[in-house]
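When the chains are written out, they are named A, B, C, D and E in that same order, and each has its own residue count from 1.
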């Protein structure tokens, strides 16, 4: 999984029928200091997360192991909202 | 999933029998500003998308979770046509 | 999937029993202009392709969705020989 | 699999129900000399590893092949604690 | 699959129970000229390969399609020992 910030939303009305009802969020992956790193990813939301929240997302077939993404053509899913993380005993982020 | 623009098409008549009827599109991935980023990808089309459209594509085993790609040797699929996306409340793209 | 040119062959007689009979080809991925891009990949051949041909290959679990690679420890497969592709209405490659 | 050092922990109380009880660790991948390389990864812990330990982690669907991660939306798992490794007959790391 | 040289071994006694008996090898991926390229990978050995041998390894779920890795949290496997390869008719490597 990777840490990411939800920076936006994507709207797509013409899509594979099985995707109906899924919300697509635009994610900016973060490094362990909370700084942006790498390219954006579009992920389905499985936990009711909102813009500006810090989340964990899973990729690949693991992204289909949630109730909302099961058997859907979806390769990235927000599966947790992050409360905090620490590195070497120092809290680097707290919600 | 990633945002991409359909920039072209690929024709391949000699192929695995199961791929018969699939349309292969050449995609240029886009960043969150709509600018080209990274290398092209060839994806099967599951939504009737055309050249110059902005789409979402899924990769890996998730690319086989559509009616047209099920159990096919296909690792990328266009699963939605994008209407719009926004970042930080600003609309960055509208069809 | 990605576009690639078959640049060579790999011979391996001591291998997992299930791989017996598979041909391993050395691929050079190509960009949308037909220029070499990125690192080589070794792929199994599912379509009778030969050295110097331009092909499409699929990766990951999708590489096992062919008759010859089913349930084999094989993560890349040549699943089509490319006839042509075009970008923006211009033919960039024709066999 | 890749070598990594556990550099921290991630707390997420609002998550997919199936993830309840999993511990999320922040990993810094290491090169063969034990130096940091590449971006951090968040992995579930399947072996009772702790901060500062050197571990092996597996990614993708393989990350779900442990008792604690089975059928969970989890794409990286710590599946072993490293005792030592050697390169060219020289021990590069010993716990 | 990718070409690689086995450069070392990794010992891990505390691990997921299902991994008991697997040998972990440290691999240096090679380019088509046999030169080191990219980061090391740790792979399970399915063919009785030894240090300094040139091998092919498969990644992802395909790494679990061998007798020794079936249903194990293992995402890379050595599935063949390379005898030789050639590029453009020139032999680039012979065991």
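Here is the rule we use: a residue touches a chain if its C-beta (ideal position, glycine included) is under 8 Å from a C-beta of that chain, and two chains touch if they have at least 3 such contacts.
In this text, all values refer to a predicted model and were calculated from it rather than measured experimentally.
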Quickly list, by label, the chains bordering both subunit A and subunit D.
-> none
Between 0 and 180 degrees, and as a multiple of 5, what angle does the rotation take that fits subunit A onto subunit E by Cα atoms?
-> 145
Subunit A to subunit B: how many Å between their CA centres?
-> 20
Expressed in whole Å, how far the mean CA point of subunit A lies from that of subunit C is 32
Where subunit C touches two or more other chains, by residue | 60-61, 63-64
How is the touch graph of the chains shaped: line, ring, star, complete or other?
-> ring
Order in which chains appear around the ring, subunit A first, subunit D after it | A, D, E, C, B
So, in the complex, the side of subunit A touching subunit B is made of residues 7-16, 18-19, 24, 26, 28, 39-43, 51, 60-61, 63-64, 71-76
Within the complex, subunit B is touched by subunit C residues 1-3, 31-32, 37-38, 46-48, 56, 58-67, 69, 77, 79-88, 92
